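Multiple structures are listed underneath, in structure tokens.
Look at the two complexes coming up: chain A is in both, with chain B in one and chain C in the other.
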Partner chain A sequence: MSEIITTEGVPLKVSLKRAERINKIRALVLVLPLTLFIIITFVIPIIAMLTRSIDDKQINTVLPKTFEIYKQWDRKQLPSEEMYATIFNEIMTADKRAIGKASTRMNYSKSGWKSLIKKSKRKFKKIKEGPYKEKMIAIDKKWGKIEYWKAIGEMVDPYTFGYFLNAVDLKYDSNKKIVQQPEKRRIYNYTWYKTLKISVLVTLFCLILGYPISYLLATLPLKYSNLLMIFVLLPFWTSLLVRTVSWIIILMRKGVFNSILVWAGIIADENRMQLIYNETGTLIAMTQILLPFMVLPLYSVMKTIPPSYMRAALNLGAHPMHAFYRIYMPQTVPGISAGGLLVFVLAIGYFITPELVGGADGQLIGHWIAYHLKSTLNWGLCAALGTILLVVMLTLYWAYNKIVGIENIKLG
Partner chain B sequence: MALPTYTTTGQRIGYYTYLFYCGLVFFFLIAPIFMIVPLSFNQSPFFGFTPEMLRLEPEAFSLRWYRQMLGICRPDDIITTVCTNKWMIGTKNSFIIGLSATFLATALGTTAALGLSRPHMPFKAAVMALLISPMIVPLIITAAGIFFFYAKFGLVGTYTGLILAHTALGTPFVVITVTATLTGFDTNLIRASQSLGAGTMKTFFKVVMPLILPGVISGALFAFITSFDEVVVVLFLGSVEQQTIPRQMWSGIRQEISPVILCMATCLVALSITLLTAVELLRRRSERLRGIKLR
Partner chain C sequence: MIKSIKVVLLTLVSMAFVATAYADFTFVSWGGAYTMSQQKGYIDTWGPVKNGSTKVSVENYNGGLGEVKAQVEAGNVTWDVVDVLPVDVINGCDEGLLEEIDTSGWQKSPDGTSFNDSIVENGTGASGPISECAVPQIFWTYVIIFDPKNFSGKKPTTMKDFFDVKKFPGKRGVHTWPQAVLEMALVADGVEPTKVNSVLQGDGGTDRAFAKLEDLKGHVVHWSAGAQPLELVSSGEVVMSIVYNGRAGAAILSEGASLDYVWEGQVLDADWVGIPKGSKNKAEAIEFLKHATTCASQAEQAKYITYMPMRQCGTDIIAKNEPWFHTGIDVLPHMPDTEERLKKSVFTDPVWWADHNAELKEQWSAWMAGNK
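And then the complex of A and B:
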């Protein structure tokens, strides 16, 4: 069979391939600007932040020689004069900011280091020459304590899992074994548990509240359901802060809800309920804020279920409850899982609402990420908490994608 | 919806209980939003209904908090709180950042959506996942990442930094809505236009653009509201100069609790009603244009 040749004298196959390639390039060129933009302004920053969770290089740049010698130390008795001399020199020559940062890092593995370094940096000026060991111990007894020396051992490697351990209430002890944090410093496991608990409860409440109204919206005639849909879409479009403010007004001790109960005589004026600045507040506000995310996927699934199935079941003699349970509900499972996952995923990453209405008791993990980012500046721990959260989220989204497909997300 | 005549009393009671329950849920959804509207006209500096308000006495209502929001000071108003025009500065900042971010997000997002909708696009799923990621990652993580990274380039505390961040957050919405409009787009129209002698640009602006415009606009509205409502990134990235409305509300709730917040909230509710109506109308128009019958 002879090859088909185009008018330009090129075989058709080649010509087609070329056209295909040009089309591909055209499509890529259109997508390229945004892809680059997202990679530069969003993906790289996030990845860079995530690497902070294992990054321990900073201190290595301040005390490189000390750590060189440290590696040979037997960790049984106080280090040699050589190590004292080296750390003395490195503290003296180090830049003030860098040593400040390093001492903060050292303080994470054993508290006391920061003040020790600060004091030493000030008083070392008196020491003119060696031997340094005794003179340093004379300045501060901590220099003579082996625990302090052991504690910096976990920082010798430029990478550490210490922050991840901290994020689940574990730590390295002075012999670099993994141990639990002391009782009073265990906060994260509780917060993780709380985050999961609140997210599960919010998802459950959203389902209990959202399922019936989705059914109503899907079965009512269009002119009614379009009107009622506004009740779902308006909260969706209203500012998050506005909704949070209104919940504060409603749930306060002197707020609308308590006042109505007092007025109706259900509770006495003096025992108004504490509904806000605790877990209850977070639960109520988050349920209302996330409810549209449950209703919209449920509605779109229910809309596709033909009503004739239910009628057939009833016709065949099934009790309405039975028919609903056996015929209707199984068909809505994709909607339940889509809505449930969406609400859950949004809930575990929530920050604004719990921060404003949660008080001390209703905080999710986002609170601690923000706290370490802005207040303690323990960025390694901040990044470790963020990484764990992100991994959980992405796993769930992967599941979501398997169930409904990410491109099927509908807006409005 | 009338019940069939053969329903039993039990079923009737069940059905009406169900309707009542649904009514309660709808009330739960919508009541908090409208609760703040009457309270913003409160005369007294409280966050609740005063007995006078409930008796609908005209003296119990006033526009004093609205005046304060607008930065208009009357001698008798200034007694309770300091009179500043920080809310107006916030509004200005919100619009500067919101409109710039919307413009960038719409331009970038629409172009990308056009590419993504082409049948020849390679690695479509992966690219789509990448482009949607800003919508998926929790804001607190985004804020942390952006804060560290932008700090290196001196973008913390600048308008540029905030606009870039908000653009990234807004693009997924544009990509999603425009891609949705482009599904079922008749590519023969492009061929027809080209065969009649129109160039690529002319075809785009005269043929493609009018058809996808509803999607582009609703994507832009989504991007705008995302930026307009965003507070976490502003909290970490913005300095005192870049206080936006949500940022003001945030500090307002945490510190002073003045009814001015409620006035701003009322304005935002009005804005969201407007935007919701606009998006809904655009969706219908788009469906009509593409010949899809209204649901």
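And then the complex of A and C:
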């Protein structure tokens, strides 16, 4: 088989490839600024944040010698004089800011370390020479409590899964074995469960409520559907807080809804229902707030379905229910997927609305991320919670792609 | 042509110069009536602001040090003064997020008391700033309020009443974090308010507080935003609620709300101000804070909000000049710090809370989840 040669004497294949490559480079150059922008402002910060979830280097640079001796300690009785002397020297010689950060880190594994280090550092100046053990215990009896020493065992390595363990109610013991948190502190698994449950339910309710609305929007004559569209969009454009507070006014025990029921004689005055400051309130408010994110993609898909398909099915003798189920619904799957994904992703990270209307039930995982980000400054735990959230989301996306196929999604 | 370009360039350069000389100096606080009291109490009255040589731009935030930490770590600090809770000022100082400020030589009280000694109390039983980074602001308090119209017979007067759902049936409004709730539980359990901290911090102290909280099981509506408890009480959703006293004071003094306090067992907390590490206007910020913490400024702020000056000399000015509130009403009856009230109050200990914050928050949330 002879090769086709161009006029320059180069095989056509090579020549074509070259031309294509130039085009590719040109295209790449065009998207380069955007790519760089995304990498610098989005990808790098996210990766930098996520690496905090396993990073335990800082404490290891402050107390390296203590940790060396720690590895030989039997964890059964109080450490030797050598360990006391070492930690004494490392606390006294460390930079003030470094020791501050280190004590904060130590406090994550055992409450009390923070003020112990700070108070001790001030009083340690009085100790001129050893033996240190008794003198340190005399300054603060916490130095003589083995729990404090055991708690730093989880920090001896520069990398840790401790934050991830913390995010699922587990922790390391002093030998770096994984154990459960004490029962009264277990809250994260429950929060994960609650967050997922509420997200799934809200997505489901949005679908049930949004599907008929979208159908009406897509099929009604323009003058009615426009009006209906305004009803959908008006709340969408209203401030999130206004809508949340409106729900409080409507649903509270002496609020609009309960009062109407009492007035109509459906319930007795003393039996007013608790519809807000609990899970019910969270579900109602979140469903209403996220509904447009379901309606809009569904509408855009339904708008493109020719009515003739349904008519043809009916004409051929299909029962309306059957025709709907076999002909209409399959064509709306891209809209259902897009809406479902949007609502779910938004719901799983929600925190202002649940916090205001949820009462004791209002703390979803977003609440804990915000709390540790702002109050405890435990960004390692934040990063671990965030990573888990990201992985949950990507897993769902992957499962979705396997089951439905990602090409079956239409966002508008 | 070239000349005109030069002119334009010169103008631009001089504008940039002017812009830096009069750089916006950023003051960050919680917003609402509180920020307004700071604005009128000592921002507007500061010399350089009055004569127009400096502008103080005020920003709002939701508390915590997340933003400060992000700014400091990114090396781009845009906040110059930030109003923070005691626990945050301690954490921020430890982590090197706030500048250390030596306030010892600042304005003395008229009676000669040094600046640091004029700070009534910092929560640990001592006077003076709670941390090397803290500049005094105000005391505020977690206090119980109720609507007297909802009580035909006896009205609640003690913390025990708040925890007694048989004597006073109805729901209670409680916030969604553990600070102050645990202290209140111990008061209700019979601990002398002045001994609450030592009991809470001793062996089994928190367990005792949580055990007492069982009395409220099933009778709590949890709130998370400062305006909610007032709404909860006035709508009858709850019969009593824990509230920030400034919110209640504003509702009563400015809007004539029908509310009454239970002062016994109130839990005092504070707000301090700090300067984020690496602030570009640190020198100006310090000058500003010197003005903001004078006896006069401390008192002036209380014209607009019922939070109490941290310095005794501020309170003295108010006491001598009642009615002090800007609407012409006596303000001290709404303040947490009359001598009699202080005897039955708890100062929340920020050093201990900085240690136990996360652990107790987790435990408290687990309690909330199990006690709906």
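In this section, the second predicted complex is superposed on the first by the 267 of 412 C-alpha atoms of A that agree within 3 Å, B and C clash if a C-alpha of one lies under 4 Å from a C-alpha of the other, contacts with A are read in each partner's own complex, and residues count from 1 in each chain.
The rule we apply is simple: a contact is a pair of C-beta atoms (placed from the backbone, for glycine too) under 8 Å apart; a residue touches a chain by one contact, two chains touch by 3 or more.
Owing to the predicted nature of the structure, the values given are computational and were not obtained by experimental measurement.
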item: Chain B versus chain C as contact partner of A:A360, first or second or both or neither; value: second
item: Partner chain in contact with A:N278 - chain B first, chain C second, else both or neither; value: second
item: Partner chain in contact with A:K118 - chain B first, chain C second, else both or neither; value: second
item: Of chain C and chain B, partner touching more chain A residues; value: B
item: Which superposed partner A:S246 touches (first chain B, second chain C, both, neither); value: first
item: First, second, both or neither for A:K374, with chain B first and chain C second; value: both
item: First (chain B), second (chain C), both or neither touched by A:E20; value: first
item: First (chain B), second (chain C), both or neither touched by A:I46; value: first
item: Which superposed partner A:N107 touches (first chain B, second chain C, both, neither); value: second
item: Chain B versus chain C as contact partner of A:E154, first or second or both or neither; value: neither
item: Contact residues common to both interfaces of chain A (with chain B and with chain C); value: 248, 252, 254-255, 356, 370, 373-374, 379
item: In the complex, chain A residues that touch chain B; value: 20, 23-24, 26-35, 37-39, 41-50, 52, 209-210, 212-213, 216, 220-222, 224, 228, 230-235, 237-250, 252, 254-256, 259, 288, 291-292, 303, 320, 345, 348-352, 356, 366, 369-370, 373-374, 379, 382-383, 386, 389-390, 393-394, 397, 401, 406-407, 409-412
item: Complex interface listing, chain A residues touching chain C; value: 96-97, 100-101, 103-104, 107-108, 111-115, 118, 184-187, 190-191, 248, 252-255, 277-278, 355-356, 359-363, 370-379
item: Contact footprint of chain A on chain C as seen in their complex; value: 62-66, 69, 87-88, 91, 93-96, 176, 210, 220-225, 228, 231, 235-237, 351-352, 354-359, 361-363, 365-369, 371-372
item: In the complex, chain B residues that touch chain A; value: 1, 11, 18-19, 21-22, 25-26, 28-30, 32-33, 35-36, 39, 46-49, 108-109, 111-112, 114-116, 118-122, 125, 127-134, 136-150, 164-165, 167-168, 171, 173, 175-177, 179-180, 218, 222, 225, 228-229, 231-232, 235-236, 246, 249-250, 253-254, 261-262, 265, 268-269, 272-273, 275-276, 279-280, 283, 295
